[in-house]
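Two complexes, one shared chain (chain A), two partners (chain B, chain C).
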Partner chain A sequence: MSNLFDLLVAGLATGAIYALVAVGFTLLWQTSQTINFAQGEFVMLPAFLMLAAMHAGAPFWLAIIVGILLSMILLGLAFKMLLVDPMMRHGVLPLAIATMALAIGIKEAVKQFFSAEASPFPSIVPTGDVSILGHAVSLQSIGVLVVAVLAVLGLTTLLNRTSLGHQMQAAAQNPTVARIIGVPVERMILLTFVINAFLVGLASLLITPIYLAKFSSGEVLGQAAFIAAIVGGFNQVRGAIAGGLLIGVLDNLAAAYVSTQYRAAVPMLFLIAVILFRPQGLLGRAEERTV
Partner chain B sequence: MSGLAKPLKIALGLAIIAALIIVPMNFNRYGLFILSQWAVMSIAAMGLNLTLGYAGQVSLAQGAFVGIGAYAAAIMTTHGWPLPAAILVAIVLSFAVGWVLGYPALRVQHHYLAFVTLAFSTLAFLVFRNESWLTGGIYGISNIPRPHIFGFATNKPLPFYYVCLGSLAIVSLAVWWLIRSPWGRAFMALRENPLRAQSLGIDTRRYTLMAFAIGSALGGIAGALYAPLTQYIDPVPFNLSLSLDLLMMVIVGGAGFYFGPFLGAMIAVLLPEWLRFTEGYYLMLYAVAVMLLLIWSPTGILGILDRYMAARRTKAASALRAVAKSRLETVQ
Partner chain C sequence: MKSTLLAGALLAFATATSAHAQAIKLADVAELSGGGATVGTNWKNGIDLAIEEINAKGGVLGRKLEVTHADSQSNPGVARAQVQKALDAEPYVLLGPGYSGSVKVTAPLAAEAGIAQIMGGEAAELTQAGNKFLFRTSFGQQSSMPKVAKYIHDEMKAKTVAVVWVNNDFGRGGRDVVIKELDRLGSKVVADLSTEAGQADFAADVGKIKAANPDAVFVYLNEEESARILKELTRQGVTAPLMGETTLIGQKVIELAGDAANGARGHVGLTTDAPVDLIKAFRERFSKKYNYVPDHNGLKGYLAVYMVKATTEKMGKVDPKKFADTLHGSTIKAADEPGILMDVTFSDTGDIDRQSFLVEVVEGKQVVKQVLPKVK
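Right after this comes the complex of A and B.
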């Protein structure tokens, strides 16, 4: 059982990335009832934007800034204004289908304009191991975990401690009342889209060095983030974080102890069980209004 | 389409059917394959349209049922069973599994249901891939025979296209009958307002399960035709993206419209082929086309037609009213 520790650390590191992606997913759901089936592709794209900037001759740090800014413009502002706004009043399902089409579009565009092959991607964390409690832990895992935790802490501080965050929460929970008390609801919704775009950009930066930049890498990640969001609680940021970490750890443990063939089945069965016995998610609130 | 006169509608229908029979006669092998694929996917989409469009239950698992049907047909026909027997088994198997999949729908709705069915879809894919003793694993099953119908071999593309078209015709008639039966009306009541449906004495529990089971059975039929069509199956075509594609077909064509699945399958199967002259850009253009269509009309292509007809009817009605009013005024 000596490698249980290693499995846990690796699981927490992937889980932290799932959490980043899942948090953005729940933010969009809360503020605008958008189920974004392109969320996985949203994580895949920024890495390619950064690679493109590097091919154009930008140093790595500049490419990161360019990539994240472009991600915020394309996947935040443009996504909201060009696709979500015109479709919002049509209900959840057509919009969900439109984001599926968007996922196909992004995937094909990357394949066509960049490459169908996987490209290596530089890491922001140096490779190597450090020894913790007698275990060799890769610096990469620690780096991913630290950056993801900092991002999530930053977000929860923004949401819970600042007036902007309170306005965002008000806009999400009850748009009508929020509007009456003077919250610029539309601007708050737009802000959550931009925050989501920032988070997927960050996740892209963290995960691509590990799994390489590939046009098809969004599918698995998007699905993991959905599961994380639902397991933890669709309507709770902290639920998405807990769900992400849980799914990451579960996935790694399943690969080691169940079977590599059916590792993907474990989170799925867990998902079904959670939905059937606690549909609001482990940390979620039930969505029925009492008043 | 209720705005058209009935004889006109019948003539149009006959013309389309005649075209589907005659025009493909000089198609090449690939063209016939694509058209057969359209017929098969229309059947699967029609099943999902029953579940989603008529009964209002979101399912992301239709691709898994196509897979179940395809594997049932592939395993049985390669072991010497005739295709009709395999289709029967595919129907029974998908019906039973679909019935069980309906149970979560009794507990959760909308996006939660979508995700349960999504998970089921992934589990089915894992079983197809990993149970190699039965499904051949990643190597799949090859040399799937095409059937003999009344002693005619359907090995060539054209005869098999007619098998697919004939099956589509039979399924279409069955669905046409079903949605006009009390069953179909119960499904629609379930979609519009489950509580009111229950208060009218509709056993919502049973009809929810039925909506899933029948829709899934049609997916099974589509799969049982897909296996002999491609003559080789492996798990990849039946992964989650097939379920998503089928959902897209139903919504794009027009969920809850009888002809929606036919049009949706046409867009999803044929449009990418027509756009192939654009080479690498064709799926991108397809994605953009779907997004634009949904922005313009979230109820799909038939939604546009429906609104146009409704607008024309109101216009005609208000014109009649104006005429009647002016007559009244002249009389006074």
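Right after this comes the complex of A and C.
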């Protein structure tokens, strides 16, 4: 059990990434009842946009800005206006299928335009360790955790402490009433998509140095984040955060103390247990909506 | 005027058809996407380079070589379907796949069709099943792992060893042979860790290695996973020397792992850093054409085509049914066929014998520390 602390820290760092991605699921679900099955690919793509910017000669810091801005335009604005809005008219199921098709399209496009091979990706956090309670903890794990926590804190502050956030929540909880009291619902929903795109851009920046830039890397990530969102509660941002951290830690502990071969099965079993005994998720609300 | 044009067009068509009919058709099925994309891409590029060179010099027995590439997606099921499709087109020789698991399920198809299959898989069992149509481009694990175990025991002086392997045919084959050899030599395996293909997070595995505190770590994973575990080993401060095979110290691994690859050692059947003039020249040509330094899979693909050329020229005719018989037991000398790069001998089981190398990654580059001679 001597490495339990190391496993917890590594699990929390991975879980923080899952949380960032899972928050996107809940945001889109709350505002537009959309399940974006391309969410994993949304995390993969920004890294390649940043790499493209670097290949074009941009320094890393500029590539980050370009990558995240392009993500917000492509995966936020364009996604909402060109795919979600037209497909929404046909119902949730066609939209969900459309996002699956989008996932395949993004993967294939990256494979064609870049490469099927993995590429290295620079880290914003320096390599090396710091000593915490006698344990060597990597700066990268700490960096990932800190940035993810700050991003989530920023998001929750925006949602709970600002007028804009209240308008977003009102638009999410009851669009009809929100419209009556003057909330620009469509703009709020669009803003949610852009915020999701920003978060996946950030997740991409944090995780790609560890996972490597590869066209297929979104598959695992999207699945883990989806499980995290369901486990935590699909209709609660705090649920997605808790679910992400829980799945990250559980995954690492299962690999260490059960078996690496069954590590993927343990979160799935946990998911089944949650669906059976608490279908709304650990921190989710049982009711659909409140006014 | 019209009839002249028509006659010209017909002549051009007839010439083109005739040239097409005379081409020697090869079929390649490789890991062009999925977990083995690095393997397959290098393999394919090596094949294309060799064919371009051979055709530029007039082809084989005056006939051009043609190849079709199909993507196995690093999936044995897809590989089997692609090989079946490729065999339906009646190629002269089948090239690939590179993954042992895919070779295992496709070899019976090629054997049934009586077509020689020149592949990149290294699992020991592949050539031990009595298949007379299967040929290696690299050492099998039964040849390489005893050398690895001997190095860990004799040179690294490791009394305890952690073995990390990928849970597929390739990884299991290597793990079984190396553990048996380590046991025979007297090095104790204190951690035996299986990992999954495509695994991203190695924190728990490396935690187990740390807890076992071995004198050396043997790492036997695919390239991308090798890079990830090297980073994690560095991150968690594991200082025990690392030993592997080609997949631990390949060019792509070094590129992906960066500084974390430094110090890793491995036995390689093929490396573009080998102190062999023909290999150096190959590396230069490949790098010029594709703008990157190939790993051993680039060499394997290249050699596969030159095996076809040398064997066909030895027969003096293009005969797919006799190809395998001719290649068995033959020795191809680099002096006679420079494209083969090093003297190589093929056994009756399709295994190969030639020089090999022990390398270490030093400041981001493979450095050959020892040249091991041919066994026979």
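Here is the rule we use: the second predicted complex is superposed on the first by the 287 of 291 C-alpha atoms of A that agree within 3 Å, B and C clash if a C-alpha of one lies under 4 Å from a C-alpha of the other, contacts with A are read in each partner's own complex, and residues count from 1 in each chain.
Everything below uses one rule, namely that contacts are C-beta pairs under 8 Å (C-beta built on N, C-alpha and C of every residue); 3 or more make two chains touch, one makes a residue touch a chain.
Small disclaimer: the values here were computed from a predicted structure and weren't measured.
Partners chain B and chain C, once the complexes are superposed on chain A, both fit on it without clashing. Rounded to the nearest 10, the superposed model shows the Cα centres of chain B and chain C diverging by 70 degrees about the centre of chain A.
In the superposed model, A:L7 lies in contact with chain C only, and not with chain B. With both structures placed on the common chain, the touch criterion links A:Q261 to chain B and to chain C. Once the two complexes are laid over each other on the shared chain, residue contacts for A:Y211 go to chain C alone; chain B is not touched. Within the superposed three-chain model, A:L83 lies in touch with chain B and out of touch with chain C [touch as defined at top]. Touch criterion met: A:L271 reaches chain B, while chain C stays clear of it. Touch criterion not met for A:E186: it reaches neither chain B nor chain C.
Closest CA pair between chain B and chain C after superposition: 5 Å apart. 111, 261, 264 are the residues of chain A that lie in the contact sets of both chain B and chain C, per the superposition on chain A. On the chain B side of its complex with chain A, the touching residues are 58, 104, 107-108, 110-112, 114-116, 118-120, 122-123, 126, 129-130, 240-241, 244, 247-248, 251-252, 255, 280-281, 283-284, 286-288, 290-291, 294-295, 298-299. Per the touch definition, chain A reaches chain C in the complex via residues 2-3, 6-7, 10-11, 14, 111, 115-120, 127, 129, 136, 138, 140, 210-212, 214-217, 220, 251-253, 255-256, 260-261, 263-264. Chain A meets chain B in the complex at residues 35, 37, 83, 86-87, 90-98, 100-102, 104-105, 108-109, 111-112, 219, 223, 226-227, 230, 234, 261-262, 264-265, 268-269, 271-272, 275-276, 279. Against chain A, the residues of chain C that register as touching in their complex are 32-34, 37-38, 40-41, 167, 193-196, 198-201, 203-205, 207-208, 210-211, 224, 227-228, 231, 234-237, 252, 255-256, 258-259.
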